Every structure is written in C-alpha cells, then in structure tokens.
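Handing you this structure, nothing more for now.
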Amino acid sequence: MFSSSRHAPGTAPATLVARAGAEPPVVTLIEYDAEGIEERQVGSIEEVFVCRDNGKVSWINIDGLGDVELLRKLGAHFRLHPLALEDVLNTSHRPKMEEHADHCFLITRMASVSDEGEVTFEQVSMFLGHTFLITIQHLPGDVFEQVRQRLRAGRGFARTRGHDYLAYALLDALVDHFFPVLEKIGEDVEELEDLLLESPSPECVARLHEIKRSLLQLRRAAWPEREVIAALNRDESGLIAAETKVFLRDCYDHTVSIMDVIESYRDVTAGMMDLYLSSVSNRTNEVMRVLTVIASIFIPLTFMAGVYGMNFDPDASPWSMPELRARYGYPITLAAMLLVGLGMLFLFRKKRWI
Amino acid sequence: MFSSSRHAPGTAPATLVARAGAEPPVVTLIEYDAEGIEERQVGSIEEVFVCRDNGKVSWINIDGLGDVELLRKLGAHFRLHPLALEDVLNTSHRPKMEEHADHCFLITRMASVSDEGEVTFEQVSMFLGHTFLITIQHLPGDVFEQVRQRLRAGRGFARTRGHDYLAYALLDALVDHFFPVLEKIGEDVEELEDLLLESPSPECVARLHEIKRSLLQLRRAAWPEREVIAALNRDESGLIAAETKVFLRDCYDHTVSIMDVIESYRDVTAGMMDLYLSSVSNRTNEVMRVLTVIASIFIPLTFMAGVYGMNFDPDASPWSMPELRARYGYPITLAAMLLVGLGMLFLFRKKRWI
Amino acid sequence: MFSSSRHAPGTAPATLVARAGAEPPVVTLIEYDAEGIEERQVGSIEEVFVCRDNGKVSWINIDGLGDVELLRKLGAHFRLHPLALEDVLNTSHRPKMEEHADHCFLITRMASVSDEGEVTFEQVSMFLGHTFLITIQHLPGDVFEQVRQRLRAGRGFARTRGHDYLAYALLDALVDHFFPVLEKIGEDVEELEDLLLESPSPECVARLHEIKRSLLQLRRAAWPEREVIAALNRDESGLIAAETKVFLRDCYDHTVSIMDVIESYRDVTAGMMDLYLSSVSNRTNEVMRVLTVIASIFIPLTFMAGVYGMNFDPDASPWSMPELRARYGYPITLAAMLLVGLGMLFLFRKKRWI
Amino acid sequence: MFSSSRHAPGTAPATLVARAGAEPPVVTLIEYDAEGIEERQVGSIEEVFVCRDNGKVSWINIDGLGDVELLRKLGAHFRLHPLALEDVLNTSHRPKMEEHADHCFLITRMASVSDEGEVTFEQVSMFLGHTFLITIQHLPGDVFEQVRQRLRAGRGFARTRGHDYLAYALLDALVDHFFPVLEKIGEDVEELEDLLLESPSPECVARLHEIKRSLLQLRRAAWPEREVIAALNRDESGLIAAETKVFLRDCYDHTVSIMDVIESYRDVTAGMMDLYLSSVSNRTNEVMRVLTVIASIFIPLTFMAGVYGMNFDPDASPWSMPELRARYGYPITLAAMLLVGLGMLFLFRKKRWI
Amino acid sequence: MFSSSRHAPGTAPATLVARAGAEPPVVTLIEYDAEGIEERQVGSIEEVFVCRDNGKVSWINIDGLGDVELLRKLGAHFRLHPLALEDVLNTSHRPKMEEHADHCFLITRMASVSDEGEVTFEQVSMFLGHTFLITIQHLPGDVFEQVRQRLRAGRGFARTRGHDYLAYALLDALVDHFFPVLEKIGEDVEELEDLLLESPSPECVARLHEIKRSLLQLRRAAWPEREVIAALNRDESGLIAAETKVFLRDCYDHTVSIMDVIESYRDVTAGMMDLYLSSVSNRTNEVMRVLTVIASIFIPLTFMAGVYGMNFDPDASPWSMPELRARYGYPITLAAMLLVGLGMLFLFRKKRWI
C-alpha cells in the first residue's frame, strides 16, 4: 500500500541494483535554442555526452530503469552522486531536492487517476545542471508531451530560456496534473454523497475508505512536492535565474492550492461517515417501527382470540365462559378487538410512530 | 465543490484564455479628489489610460472577464505581470498578495449567502499602483456600492486620501460582508439545533453536512484573506501610507474575528451530530420499550390461553385437564392471567421501563 | 450565539453609532493618592477633564453606551483614536491591546455565570494614559467593587501606586472572576457525570452540549485575554512600571491556569458523550435481553399448546392425535413444556443473558 | 476536579491567608557538608535563620501551611517575594520557575497513586538560594526519604556538592515518582483491556473515563514540570553549577519519557472505547440472532397449528377442513411442520446466523 | 506495555545496577584498516583497552548487561560519563544523542517483528570516540551481520573509512530494519481490511487495536531516532567527517520515510473501525429485516386463525360465527390469509426490505 520497493535492509549504501521487472531504458535527447530544435532517440548513452558544451539547452530523458550500467556511466560522466543514483532506482522515494556541487537533484511524483478513481504515482527524478537537464522515469508515457509540443512550436518564451526554465516547465506540468486527479476525486465524493443519502450500503463505506486512502496518498505526494519547489525557489547556487523564480513562485502557489483542496476533501469525507450512519440507522428505525406497530397491535388481539379458544365447557359450570353462548358474544368480541386495534393505531399515530 | 476552473494542465504559463461563458467586460472609471468626483462607464479600454497623471485618485473597475484582448492591453499599459493576469482569469484562485516593481497585486474573495444558506464566492482581483487602483470582478454586482456612495457624498475622509485608502475601504467592505454570511449560518445552526432535539430526521444530518461544508469554504476563503491584509500591512514599498496602516490593522482584527467565529461554529457543529444520534437513539429506545412491554406481557398470557385451548378430552382420562370442568376453572384462569399481567406491569414500572 | 453586534457592513470606518437599547451613561470619577480618596458621580463629561494634571490617580468609569456625543467629547479631550472608540461601542469585540502615542487601549471581557450555569460576558474597554485610566462598560454592575473598597480602605499598597497598578488591579479582578465561573461549570460537569451514569436521558446530552458551548465561549474570551496581559507585560512605552510588571506576570500565570482548566474540562466533556452512549446502550440491551428471554421461552411453548389445540379428530383416524386420549397425555405434555422452559432458562443463564 | 483552592476573587494581591483545614507546620532543618550531617526539628522558625552563613548546605523543610505568620517571618528573613508566598499557600498552582534577585522559586507537584488507581497530587514549593534550600509541603509524608538516607549515609557525591545538587536530587525524586504512578495506570489499562474484551460492562466505561481523567491530570502536572526543569537548566544566574546541569539534563530526559508514556496511554485509551462498543454490539447481536432464529422458526409453525385449531366443521360442509379427518392428516401436518422448521434452520445456518 | 525497566525511584543518580535476568556479557573486538581485518571474542574486558592507539578502526561490541563491573571498568578506561552508563543499563530508554568531551553517546532502538505481527525492540547503545566505537546490546543477535560481512569482504569503501562511517553503517542497518517491520504491519493491515469487509468479528477489533498499538510503539521509537541522526548530522565536534554526513543525510531521509509510512498507516487504521462498525451494523440489519418480515407476515395470519379457533357456538346463537358452517367458509378464510400474506410481501418488496 504505502510500501516502497527498497533494496534489502543491510545492503551497502550507494549500491545500484535494478528492480525486478524494470524495463529496458529508452534514452531521448532534445537539444534546442531560439533558432531551432533537434529531437532524437539515442542508441548508446555515450551519444548524449557530447551535448555538454554546445550552448544549446539539452534535455536528456530516460524511460525505464532496467540498465544499471547505463546509469553508472551517466553518473560518472555528469559527476552525479552515487546515493542520488540509488534514490533514482527506488521507485517510490519521498520527493526531495538536494543541492550538489554543480547540479541539483530533484525527486518528484507524477500523479494519474484511472476511470475507477484509483490513483497511481510514478517517480520522476531530475538532475539540473548548468549545461544539462536529465529526467529519469520508471515507465513509458508521461505528462510532458505538451511541453515538448510547445518546444517544437517555439511558442511563447519556450525556446528562449535556459535549462532552469525547462525544469520549471516540467515541474509545472507535473503539478498541474494533480488537478485532474483531484477533480476526479471531487466527482467521486459528490457522487458518493448522493448515494449515501439515497441508498446507503456497506459498499459505500468501502468506497469512502478508498477515497480517503487516495487523499492520503495524494497528500503524502503533494506535501513534499511543495517543499521541493520552495527549496528550488530559495536556491542561491545560481542554477535558477531570477526571472525563472517568478514562475516557480506561481508553481508554488499551485501546490498550495492542491494541499488546500486535499485538506478540504479530507474534511468533507470525514463527515460523510456520519451521513452514512445516520442514513442506515434511519432505515433500521423505519423497519423497526413497522414491526413494533404490527406486533403491538396484533399481540393483544391474538391473546383475546386465544382466550375464547379455551376449552372451558359452559355445560360443566355456569362460570365457564357463559359469553360463548350469549346472543351477541361473537360480534361484541369482534367489536372489542376492532376497538383495541384502532385505539392502538390512534395512539401510535399520536406518538408519530407511523 | 472545491474545484477551481483552471486552464487545462500543460498549457504554457501566462497564457490568457477566456473561460467559457465569461461575460463581456463593463469598464467603469471613477476619478476624484477632495474637490469633486467624476464617474463614467468607458466604451474602450484606452480611455482609462489617460487617468494616470492627473493627480486624482483613479479607480478602474472591470466587471466580466469575457474579453482577453482588453486585459492584455490593460496589462501592457500598466505593466502588469502576465502571470498575474492569468490568475485574474482563474475564477477561484486562493487569496494572495504579490509585490511587483511599482504596484502590488491582490486576489480576494467576496462572500455572499442565499436565503437557503448557500454560500457563494466571487473572486475580486486588485492592482494597486501609485497612480491607479484596478479592480476586476467576474460577475456584475458587488459589495462596493456603499463605498461609492461615501465617495459621492464626500463624507468623512473618504475623498481626502489616496489610492491606498481606497484599497483599504474596498477590502474593509469585502471583509465586513463575511459577517452577514456568518450571521445567516449562525441562525441556521441555532434553528437546526432546535430541530435536532425536537424532531431529528436524516434531513437534519444532510443540512448539518451542508453547513459544515459552508464553514469549510468560508475558512478556506477567510484564512488567506487574513494573510493578504497582514502582508499589505507589512508592506514597505511605500504604496501604503502609515496612516492607512492603522485602518488596515483594524481590518485585520476583523478577519481575526471572522476566523474566530468560524472556528466556534465548527466546534459547535462538531458536537451536533452527537445531539442527533442521541436524539434518534432515544426515539428508537422508546419504540423498543413499548414493544418489549406489550410483547413481554401478552406472550405468557397467550401461552396460558393456548394451554387451555388444547383438546385433551377430560372424558378420556381423569388426568386430562379436569380443571376445564371445575366450577371456578374459568374465572380462576382469568384471574391468574390478570395477576401475571399486573405483576409484569409492576415489575416493568419498578425497573422504570414505562 | 457567537454573533457580535456590529455596525452594518459597508459603514464608513470609525463611525460612532449607538447600539439600539444602549443605556444612558453614568460617569463616575475616583481620584486618590496616598493621602486620601475622592469619589463622585459627575453630571457632565466636561467635569472629568480637569483631573488630568493634579498629580492624583484618576479613574474615570463609564457605565452605559447610550450617548455617542459624550464618547466623542471624551475622545477629543484625551486624544483617543476614533477606531478605538468605534471598538468600544462594539459590544463583543475580541480582547486586544493597542499601543497609541501616549496611551494604550485595552478590550477585555468580564465573565459571569447564572445559577443555571449560563455564562454571559460584558465587554470592558480601558484607556490607560500617564495621567488617567478610563474604563467603559456596557451595563451597570461590575466586578470592581472589591478594588474600590481596597482603595477606600487604603489597605496594602492600594493607594501608593500609579495608574498602571490600578489597571493591573482591575485586570486581576476581571481574570479572577473567571474562576468562580469555571468552578460552577466544574460542578455542573461532575453533576452531569453522575447523572449520565445513573439515569441517562437526552436532556443530559443537551446539557452537555450547552456546557461544551460555554467552555468554547470561555476559551474564546480567555485566550486573547492572555495575549492582552502578555502584551501589557512586554510594553516598553513606560506606561507600565517595572514593579507593576511583577504583578502582571502573576496575573498572566492566572490566565494560563484558566486556559489549563478550560482545556481539561474540554477533554473531560469530550469523553462524556461516550459515557452517555454506553449507558444508553446498556439500558437498551437490558430491555432487549428480557424480551429475548421471555419471547424465546414462550414462543416454543405456545407452539406446543397450539399443536394440541388442533382439531384433528381421534375418532376419524387412529393416526389423528391418539395422545389426546392417552391416560397421561396432558400431564406429560405439561411436563414437557416445563422441561423445555427450564432448559432454555438454564441455557440462557449459562450464556449469562440473565 | 481541576479546581484549585484559590483565594476569593478580588482579594488584594500578595495577601497571605491560611486555607481552611491547613495543618500546623513542622519545620525540619538538615545541615551537612562532606564531614558530617546534622538533622533536627526546630520549635520556632527563628532557629533556622542562623544557618545562612556557616558554609554548610542547609535544607529547611516545612510540612503544613497552617501558620501564615511563620511564612511571613521566613519571607522577611530570606527576602522572598510576597507573590511567591501567596503561590505557596495555593494548594494546586501550576508548576513554574521564577528567578528572583538572589534566589529562584519553584513550584512542583508530587504525584502518588492509591491501590484503586486514584491519582493525587501535592504541591511542593522550593526556594533555592546560594546559602539555603527551602522546601514547603502541604501535608506530612513525602518522596524525599531516600534522598535523606543517601545524605545520612554520605554515599556517592551526595554530601560533597552544594544546594543546587540537593535541589536536583529532590526534583529527581519527584520526577522519578511519576513512574510508579504510570506503571499502576499501565497495569489498570491492561487489566481493563482484557475486561473489555471478555465481559464488557458500563462499569468498564466509567473506569476508562477515570483512567483518562487521571492521565489528563498527570499530563497537566508533568508538562509544566518539564518546563520548570528546562528553565532551571537554562539558568544563568550562577545558582546552578555547570556540573549539576549534566544531572538536570538527565532529569529533563526523564520528564520527556514521562510525557511520552502519558501520550502513549492516552492514544491507547482513546482506542479502548471502540473495543468496548464493538464488544457490546457483538453481545447484543448474539442475543438478537438467537431471538430471530427461534422466533422465525416457531412463528410460521404456530400459524400452521393455529390453522388446524380453527373450528370449521367438516360436517357442515365438504369444503370445511376435510383434512382433519384424513387418515394421515395429523402425521402429515406434523411432518410438514418438521420440514418447515428444518428448512429454516438449514437456511439460517447457510447464512451463518447460527 | 510502555513501561520501562527503570531503577527504583529515589535511587542515587548514576548508580549502576544490573537488571534481574540480564545475560552475562560477550565482548567481541573487530579491528580493521584498508589492509586487513581481525575479529575475536575477548575473555576479559582489559584486552580491548590496548586497541586505542594502533591507527585501526576498533569496534567493541558487548552483548548482554549481566556484569556491571565490566561496564564500570570500560567507563573508567574510556572516560564514559556515569549517567550514560546508567542509561545503557536501562532497557528501554528513549533514543537520544549526547555530546561529551571526546566522544558522543547514542541510544537507538532495533525493531523486529514476529510472524504474528508482534513488534519488539532492543536498545542499542553506542559510544563513538575518535579511536573507538563501542556498541552495547541487551540480547544476543542483531541486525549488524551484513555490516560485518561487508567489512570482512572489504567491498566498497567499507574498510577505507573511519569510526564515523562505521557508526553510520550500523545506524543505517538499524534504520533499514524498520522497513521489513512496517511491511509486515502493512500486510497485516491489508489482510485485516479484507477480513473486516467479509466477516467482521470482535477478534478483528482486538487485532486492529494491537496493530494500532504496534504503530504507536514504532512511532515512539522512530521519532527520536530521527532526532538522533539529525543531531549527529549537526555535530561540529569533528567526530563526524564531512563526507560521512552525506551518508547520514541519506539515512535521515529514510527515517523521514519511516515516519511518513507510520503516519499513513495510522490514518488508514483510524478509518478501519468505521469499516467494521458499518459492516457489523449491516449484518444486524439483515437479520433484523428477516425477523421483521417473517413476524410481520405471520402475526396477522395467526390472529386470523386464532379468531376462527374461538369456541363461540353457532348453535347457541345465530350471531355466533355462522361462517364456520358456510359452504366455502374455510377456503375463503385460507384465501384471505394468502391474500394478506402476499399483500404484505408485495409491500415489503416495494419498500426494498427484502
């Protein structure tokens, strides 16, 4: 549930081990400046090493963590810290930002939601240097496609700024993709609310439990994400230009909004169990009341019928049920029964039980 | 519910896109000094540009966000940051205060409540510069009418102070309008409390749930509003004069009171579910007790009647129910029944069940 | 409930408006030094203006807020800030302390409790200057009588110290009067606790709800009161002498104790709903168990009686209920019934249901 | 419950009044240095005044607060602040530490627990000066006996250090005596836990409520105790020697552990109400299920018997219950009843109700 | 439960007393440098004293606390503080880090989990000096075996770094072993969740209560562990080399993750009681509904049968039940019963009770 796929306890620190089932890496290199953009998939990791000094913005993206050797070469060339590389291989590390000598290392989380409302996360690691931006993802498919399209089209200031702005654009895309997830959860919450009031069932409670858990997971992802962006904003190493920081502040505002919405949903869902319980207890009460009324009315009547079903013989003794032979014994008895029944009905209606 | 009408994830930052259904803007310009006041609706946004250097207080109000081009021109003339303009178009941004080179940018929320107790919010954005105050609202109608009337009447120091005092007056009007909303909710809470004790129903719970949600929304709006005013108060750019800050502190006190009242209501409503549950369980118990008493009394009596309804034939054997022919068999049986019934009644009364 | 009687939203700031139903003011002036004390009720507010420079301690007390003009004159003479005067007219402002040029302004709350445990508050505003202390109350009657008597008697250092010590003495009286209120609530809590265990009823829950609300109100009053006294203690304007601060620290300790007791009661009352619910569910279970036992025992017996009440005719067929004519049919049947009944009783007792 | 025996509100500050029922004081003086120890009970308070300048460590212990005059003399001689003496007379003041000119004043609480698990506290006040340590207790009997024995035996560094170490030793004894109290409560919690699962009763809930309240009281005592020790540790007046501070840090660690254990118990007890409720609802369900099964089985059977108990006369009409005279009518009816009964049993067992 | 095996209250500070049942100590010495490694078990504690000045990394490990004299000798030789040694003997001290003149003292906790999900802890104390690392454990068996194997193999930088790196490696092993414990608890939580939905029973609640308690204990251990590592990281005494601090930061990240997971589980388990209660109330409702339907249908029918079982004699009066002799009296009665029964069934189905 919340378990992370970590290396076995006791493993030497900074040991790089591929996870079981990790996919073979696909390396893509995008290089651009205001003039133009070049985009290609490289066969061997050494091909990207040349990009360091050509004055262009170089974005190296790696999909899949199946090749530890590739990471080791990458780390050696770009002087990435071995512990950072170990964290890259960890599929569910807490988002964090670490400053190193000439680059900074970010771990972030990409949220997505299925149509059933299940929230999944993918870890995205970034190394932002003065002459490179490396992003490493576990699985193919990401939320960066629109950034790539903006780069290709060259709209806005997309291609006129440096690696820091590219990193911001990617972070912004990651953060923005929390909103559709929250919207889906918001819809689920509203739907569930109606369901709870109309036809409460234990399935609702299980669903509510799942939503709460999704919110927990989102909070667990969004909270440190916020810290990551705040840390980038405070960065004084010169990696982040002042004009990019204005944008990062905007991005930070979005993470604050995300936390805000998550907390609001948590508060709302906290109250929904009450809705359910009151809804259920109301239904039980309705059932109970009907039983009470029916039983309370007929039990005395059945007793009366039982009395006149006793076999005391009027012939044997003048005290033995002479009413059985009375001319109007039967109709009077029936009338008495009717009276008792109506009386109780009246009483119950007065007490508002029916 | 808490969802904000944001641009699609992945859109380039600082992209200005009109929301679907946004109304065409109506631009009003109010200019005044101690001598007089001029108020007019302008046809084209360029008309307001001349107001910058005439020594008067200029308040440009825009109702409706349907015309993105107008905003772009406004931004270009007054040098407003594109990210700020993007936030203006967002209909439910978190209240915030941002300092820019020669102006500051505020997002605030205007609360209103319907007669049914539904709380709605409208975002009001403000740009406060040395020579202008721009307010932008999404919908026609606002809470500033009384400020306008004070300006027209020229009462108090209304017209003798600068743009900062005007901004304060508008913020004060916004903050003050949280109070009638809270009063309406307070009335709803008291009404609901009586209802819960007298005739608890699941509708009460749904109503309680709605009130709790309204309080959540209010808190979500009021909390950052407080921060906005505190930030203005700390402002050191010279936009806010010292004598205006005394008034802002007063306004800040009001936001503290608002938070205080909201938290109190939240605490009170938290306890109301208990009221409901105990009220309901009490009703159920009353019903249950009646059933118990009636059933407990008549079940044994019915059994006795059942015994004497058995068809053992006294003729067939001297052991077969000779009491059926006993002289006082019937009256004794009835008396025994009465005795058992009264005994149980007495027992139940002693146990305080009836 | 928590609503404050505020001016209408949109009113110009610092507007002085008398509340509907405010009482006409009664102004009392007490002047004293170590030598003697003079105490008189003045007819017109101008009479108190002379007191400013005679070297005595001057305490001006105003009961009732019905005369706005009087306040305006007072403010003009003592140079009180119009916003402060507006706050004075607000009957339930949050306690606060404001430093002004040559005086400081305090809002505090006086708590009292009725015999029924209802807590009420009265706002007491104070202006503490170098040569005057002004206290303004909404209603006649206060908790300062013992301070006045100490002044008249001249006991202790009562008359040898300045305006700051007088202000402390009044604050101390205000704070000390929270204790009897808390004691009353403490008694109510203990009484209610016994009641909950012995004879739980929905009235108990309503009472618990009221106590919780009283505690909320007390907390809302005591918390900022503490801040007020802490702020006075930090005062560096020279209004508060160092030797008075020792006393204020003691007074601060008392407010800490008050908050402590309030929080403890809140914790205790939070657990009392559990007491109630378990008490009620226990009663319901007792009732249920009796019904179960009686019904479970007699239902099978009634069935047996029903069987032998069937009209199958032994004459018509040898298979038709020959036991009806058996010599010991009836006693055996009765014995079987007794056996079944006792067996079930035994079973239920073994299961500890009775 | 949480009420403190305070002086009447409005009393002049620093008024010394003996509590009703306060015991007459017993004054003990212990003087020692590395060479030897002298211990005696003094008749008049003046006897202890001589101890100030003989270079020995002087510990003046006073049991009982019945003699206000004695306190006043003590205060005059040792220059204790009147407000501090007033706090000494208060039997349940919040623990605190106050620095005065040449001594510091501590209020601490001594916890003890009865065999029934009732927690009681006694206030211990301390004045620590350069040449004296005064401890004042309300009641005879304390937790310092082992400290006295160590002093008498002269073991460890007991007699080689100054007043500050003695104060530490006493505080350590006070803090250490929270542990047996917590252990007793821990045992009660574990016992109650077993009871809740095995035989839940409303007495358990009342007991749980008491334990929670004891924990509240302990927290209320331990939390400020921790602050007192931390304040002593920060002391820079020179009263506390650096080598004693190492020990105070250890003592501080113990108060942290105490708070830790208290919080853990609070968390555990918070979950125990759930245990109780589920235990009770389980029992109710068991009872309900038996009633349901018995009633559900016999009600239809009784109806069948009732049908064949109807007095339609087969002689009067060929349609009137001809089965009464059928050869196998009775056995078939009995068999049908058996079948219906077994069928329902089977159904209920399949639904796992029995 | 949370009780610590502390010395008796009142014992002199820094008294070393062996716990009852403490095992006799086994002392192991591991000495290594980049060249080689020597590992041996020593018979007398004096044998390890020689290790201090040979330039190698010396790791002294002691298993078992049965020999107080040995600790005293160790302390005297390495100049360990007596209070630290006292803490070593305490089997459940709160994790902490203390800096002393030339070494630092750490208390940490080793977590392990049984197959039944029971979490146990063992205290591990460490003294880290410039020329030695002493670890002291209460019981044989630890989580350091993999560190020893790495040292023996000489892989990585295992043997090339100093005492500080060794201390880090041991801390890392301790922290990493929290993860399998959390994974086991995570599995238990998921298993319990399924169980709660499928077959809720009070055993589930007891199990939930145990899990919650385990989480409490883990939090109580992990929280201060985090502080210990943070304190080491801030160390400025020169004991920890800068390049080791990078690794400690990584270790610190792991403790943050642990707290994160613990808090998440606590949130999840908090919601599981709701799952249980709704699951149970659903089952009760199902049972209730069946009883209601059966009873509600048959009670009126039994009454009808009872009426025609009355012994009014049609011969005695024309008003006495003439329908008993009507030609179709019996079939009509049966049909009426069928109709009533079906009618109620239909009604109940319409109300969705069956």
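The chains carry the letters A, B, C, D and E, assigned in the order they are written, with residues numbered from 1 in each.
What we mean here is this: contacts are C-beta pairs under 8 Å (C-beta built on N, C-alpha and C of every residue); 3 or more make two chains touch, one makes a residue touch a chain.
Here the structure is a predicted model, which is why all the values come from computation and not from measurement.
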Chain D on chain E, rotation in degrees - Cα superposition, rounded to nearest 5: 70
Chain A-chain D separation of Cα centroids, rounded to whole Å: 41
Centroid distance [mean C-alpha coordinates] between chain E and chain A, Å: 25
Two or more partner chains touched - positions in chain D: 277, 281, 288, 291, 295, 299, 302, 306, 309-311, 321
Chains in cyclic order, anchored at chain C, direction fixed by chain D: C, D, E, A, B
Interface residues, chain B side, partner chain A - complex: 1-4, 6, 9-15, 81, 83, 87, 93-94, 96, 98, 201-202, 205-206, 208-209, 212-213, 216-217, 220, 273, 276-277, 280-281, 283-284, 287-288, 290-291, 294-295, 298-299, 301-302, 305-306, 308-311, 321, 324-331, 333-334, 337
Touch list for chain A against partner chain B, complex: 143, 145-147, 150, 155-156, 158, 169, 172-173, 176-177, 179-180, 182-183, 186, 189-190, 193, 197, 246-247, 249-250, 253, 256-257, 260-261, 264-265, 267-268, 271-272, 274-275, 277-279, 281-282, 285, 288-289, 291-292, 295-296, 299-300, 302-303, 306-307, 309-313, 316-317, 319-321, 353
